[in-house]
Amino acid sequence: MNAPTDTQQLASDNYAGICAEAFAHLEAANAGHAIAYGDDVWTARAKAAIEDVFETACEVHFVFNGTAANSLALSAICQSYHSVICHELAHIETDECGGPEFFSNGSKLLLGGGANGKLTPAAVEAIFRKRSDIHYPKPQAVSLTQATEVGTVYTPDELAALQATARRLGLHLHMDGARLANALASLGARPKEITWQAGIDVLCFGGTKNGLAVGEAVVFFNTALARDFAYRCKQAGQLASKMRFVSAPWLGLLDNDTWQRNAAHANAMAQRLAKGLEPLPGVHRLFPVEANSVFVSLPEAVITRLHAAGWRFYTFIGAGGVRLMTSWNTREETVDAFIAATRQALGETTPAPAAVANSLDA
Amino acid sequence: MNAPTDTQQLASDNYAGICAEAFAHLEAANAGHAIAYGDDVWTARAKAAIEDVFETACEVHFVFNGTAANSLALSAICQSYHSVICHELAHIETDECGGPEFFSNGSKLLLGGGANGKLTPAAVEAIFRKRSDIHYPKPQAVSLTQATEVGTVYTPDELAALQATARRLGLHLHMDGARLANALASLGARPKEITWQAGIDVLCFGGTKNGLAVGEAVVFFNTALARDFAYRCKQAGQLASKMRFVSAPWLGLLDNDTWQRNAAHANAMAQRLAKGLEPLPGVHRLFPVEANSVFVSLPEAVITRLHAAGWRFYTFIGAGGVRLMTSWNTREETVDAFIAATRQALGETTPAPAAVANSLDA
Amino acid sequence: MNAPTDTQQLASDNYAGICAEAFAHLEAANAGHAIAYGDDVWTARAKAAIEDVFETACEVHFVFNGTAANSLALSAICQSYHSVICHELAHIETDECGGPEFFSNGSKLLLGGGANGKLTPAAVEAIFRKRSDIHYPKPQAVSLTQATEVGTVYTPDELAALQATARRLGLHLHMDGARLANALASLGARPKEITWQAGIDVLCFGGTKNGLAVGEAVVFFNTALARDFAYRCKQAGQLASKMRFVSAPWLGLLDNDTWQRNAAHANAMAQRLAKGLEPLPGVHRLFPVEANSVFVSLPEAVITRLHAAGWRFYTFIGAGGVRLMTSWNTREETVDAFIAATRQALGETTPAPAAVANSLDA
Amino acid sequence: MNAPTDTQQLASDNYAGICAEAFAHLEAANAGHAIAYGDDVWTARAKAAIEDVFETACEVHFVFNGTAANSLALSAICQSYHSVICHELAHIETDECGGPEFFSNGSKLLLGGGANGKLTPAAVEAIFRKRSDIHYPKPQAVSLTQATEVGTVYTPDELAALQATARRLGLHLHMDGARLANALASLGARPKEITWQAGIDVLCFGGTKNGLAVGEAVVFFNTALARDFAYRCKQAGQLASKMRFVSAPWLGLLDNDTWQRNAAHANAMAQRLAKGLEPLPGVHRLFPVEANSVFVSLPEAVITRLHAAGWRFYTFIGAGGVRLMTSWNTREETVDAFIAATRQALGETTPAPAAVANSLDA
């Protein structure tokens, strides 16, 4: 059976490293001394670059990772007795170990459904209407993940409908954009169209999964919500002393549209993977492939064989579900090797024990 | 249509006042000066009385209400990154406004199902098995409500099965006993049989709903969990300076089995209510009547007419569900008047708008 | 040596019980059923009575004790990265076991000095000016205790000066009024003059020490700060289900100026005590006696003899300091017996071991 | 007047960048894919290297910065109602914006004095003895900073005395070792001698100030305290998805004693600076120079002139105090240029406005 090409895997876009452009900026930023805690020129330039990307003035804070970005952003909106409406598959619910509840000192996540991992206006309204008394946390925000945890993408029309509902109900809008770049590449939209023009108050703009070593940007389009946010970051252990090493790579990503090319490449690899897997007998696609992940179901024995052959990927307990992710540097050979390995494994017949499932977030 | 008898309602056992025996002790405790913060003789006697009730040494702390009792007890078991497995209808989930998450700085409630509001060992195990990675809060406790929020009661056998599962999985057991007295009266069991002998580590023993003005007892059978609990209560604003006025009424309740008679009366009234309502056409019982509440569905028009006639009770949105609760001092006439009013309302035919639903906890 | 008269002590105003007028209302409120969670008529009347006392519209929430009242009020003003400027002897600093830090998820108390337990405008400004960077919690409020922990009282002029400083610096004003009644009786001022007219945004108005069993009122004069405060109370375990038993006694206290008479009596007893003790050789007054406490220093041997004779009171480690408190029902005979006992103890000469000191808050 | 050499400053060791050895490892780690969240080979090797450094088995967790490291370590020891005894100049008190209180949901820092920024056993015991009642947070840990915030170093004898006191009082020992390397270089001690052999339960081992881009290691010598610590890090937003980029540079630092050479160089530059400044008239040394900082007082006019000439450094309000810090890459020319600039400024006489003081932590 085909082993993974070199060390590449399809387990997570977190397995990929730092892209060349980001690395070059990291290196450049290492010349000489620089003022600490973000008062350096790299950080100023990176913030300006983000304003350019979104074609608007906004307040930008760089933090270390996605859990912190989402949790801090939500805690800027919610008091402890408030709640956040999100999809039951949202990363803040399934893979941040209660980070949002911790940072906000107790805010509750209210979970809604919706096909293909996407929250619907009807689900938001139903959750909002369910309770209106002081014995239950008061909804204060809707959190959307773009692209979603199952690799789908909210269309501008879907976002507009959600915005209308949120505004009518007096709810703020948060976007977990850990893979915003992939969503943009998928939609062919301008960044502003699916963020502040869609009513997003605060965006967690992901860099790590798209070619950085570390770091996400919390982008406040509604700057009133950013009041004293620098204090919040500092207290929560999210203010880098040598900030330039977090911010400069962002410049590398944003300059010359590197971030868009990275995302488009990851998406293209997912399409190639889907196209190769779907025709195979025994393979069933679970969600539309709109960003950089492919969800399929495979016979348990096939999963076992692929794991035995050295392929790493996440599975769903008992369901035969498999998540495959591509990244900014996934090679065509890696994709093709996985397809070939799957085809080969499907051709064998030995029964196998159930796979162990776990977090998708690795 | 029959109006409520005097001021009695069937909306909540919190509508009832202080029973005579508790009040007498409140009055007696008001003689002279007493040492503050619980170092008084009334408090010592009340703690001893609770040890007598449960026939074991245990550590007892009196706090002001049920939300505090449950939240503090769970925070003594869980760190912020831990989780508590409970039924989706548990009071800690539905009616404490995120208190458990607040007191523990973020612990998550993991919700399970189970017929008649009762968590099953299978549900506990499924939730426990679902995740075992650090990206999701680690289960640390199972919380059971006895009697449940829908007026049912865990049998000793059911508790034994849950204990076995919890012990096997390394989970602590918490019991929300806001209506433990009603459960005991229903089962005819000794208090120890369904608490520490059933593996309960910490019990929140309710007094308010059974005839006190204010106050619940947090009872640690597993005294190791009570380490520094007095500090926890103090910091959380749950240490009464004039503690005797919280503890002395407990003595009134516990002496001479008043608490058991109170609960038995409430249960009997629920039986009378159920017996009167169930034969009526259009009335459907939703849960077994095992404690002091009756859940039925009624036509929306009937609900509206009953509300218009001055009857207060809680409903479920859109479902026609109605919760009726009896208390230690519910009179037979009140029950009979409600039955009569329902019969009368069922006989009318005017269409009515949908009822507004809300918290059950009032 | 004279033993304490009956059971009366001078250790704490928390040793006294419930005054007759409050008790009568407690009893009256126990007639029939009442709507839970504060939607009852007693609570409405008590809130209106508080508005009458302060001669202004305001938002009132009843909570269980002073730690909760102060902590919740401050958490309505402060985020976790904010700070509160208070006197180093403030109750929130010395006797609430970190309650303010807990309820606000980390707000820091910044301690200032000032003679006689009173914070000065200069101390407030010095603390405010000391730091203005994001590496230290940002001041958001000044908390004043009226009467102070050492039995002194801020004059209207002192409050006006503090208000001017706070407003200039953009700080909110919180008043811990656990003994506001004693301060008012001392000053002969109208309640409004030393609260909202002095710029107080939120007052914790104490009832427990002045004749209630349990309960303080959080009074928002700046109602914008009270946004969603009912949720905050509920989540924090501070919403009484049978609220009438917390609120009705307040009516008993406020009607017919009972609260003012109670406080005036306590103050008068403190004056009698001070007048009796001060002339004794070996007794030194430590603070002006302006409310209901007397702080003196006594020889250690005298302290030991008084304790041995059954008198309870708090001492300061190694300093020979003694706190004596009078209450709404302290009898003249109790005061006179203590004076006599002290005189007797001063006449003896046996050396004695050092007294053990501890919290003043008992 | 001499301007700063190139871009080097003496404001903070956080102004320096990444040392060559760390950078080389960062680059090497960027080859190919790697398992996320710390299950990669770089992280395993870095953990082993730390065990080698301390010559013992221990549990190591890499987090993003010092505030997080200290706050998480202390929250693993303390519940919300506990307290931490530390020096009043400790970084956790003065420069983490309430991080320890936030992560622990309210633990209080109890501040002690001690010459040269060093806590004494007597100060620890006095704070511990001051209160022992439930109205005040219970001491649970002593936190020591090595090297201290004022550039001094605890000797092994001083640590042994503190250990004896802490053990006798039942207190855990935490060490903020943001500049542990500088302390070790100063003492010429083996790492184990001033950490676990000195009774330290948990060490926050700093890398950022000594040549890394980002990252501190939380090192549990008392592994019982590390229970579920991985969950704690994850929830608090301190688990890097691409962990190798945090851990690999640690290897670069630790291999071949780079970290020790870096620290020794910084210390040597501080000695050179002190030696150059101290003879100048008007310059007064404020603390012994034992690590990589020099604290002197200068006339306000001199401070103003140095700032005007482009030199950045921190000052103390009104006191003329100045903190100067050297780093792993401070050049001799930078030091000499500063000395020359100070000499020149001292020779001028124009009066100048007071300098603005602020956090030391930049």
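Just so it is clear, A, B, C and D label the chains in written order, and each chain counts residues from 1 on its own.
The definition used in the following text is that a contact is a pair of C-beta atoms (placed from the backbone, for glycine too) under 8 Å apart; a residue touches a chain by one contact, two chains touch by 3 or more.
Please read these numbers as outputs of a predicted model, since none were measured by experiment.
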So which has more C-beta pairs touching, C-D or B-C? B-C
Farthest chain from subunit C by C-alpha centroid distance is chain A
Approximately how many whole Å separate the CA-defined centres of subunit B and subunit D? 51
Between subunit C and subunit B, distance of the C-alpha-averaged centres to the nearest whole Å: 34
Return the distance between the CA-based centres of subunit C and subunit D, expressed in whole Å. 41
Which subunit D residues touch at least two other chains? 37, 80-81, 96-98, 102, 105-106, 134-135, 137, 231, 234-235, 239, 361-362
Listed in rising order, subunit B residues that touch subunit A in their complex are 80-81, 83, 94-98, 101-102, 105-108, 129-137, 317, 358-359, 361-362
Tell me, which parts of subunit A touch subunit D in their complex? 6-9, 11-12, 14-18, 23, 26-27, 29-37, 39, 63-69, 71-72, 96-99, 102-103, 105, 208-209, 213-214, 231, 234-242, 245-246, 312, 361-362
Subunit C partner contacts - residues on subunit A that touch it in the complex: 37, 79-82, 105-106, 134-135, 137-138, 228, 230-232, 234-235, 239
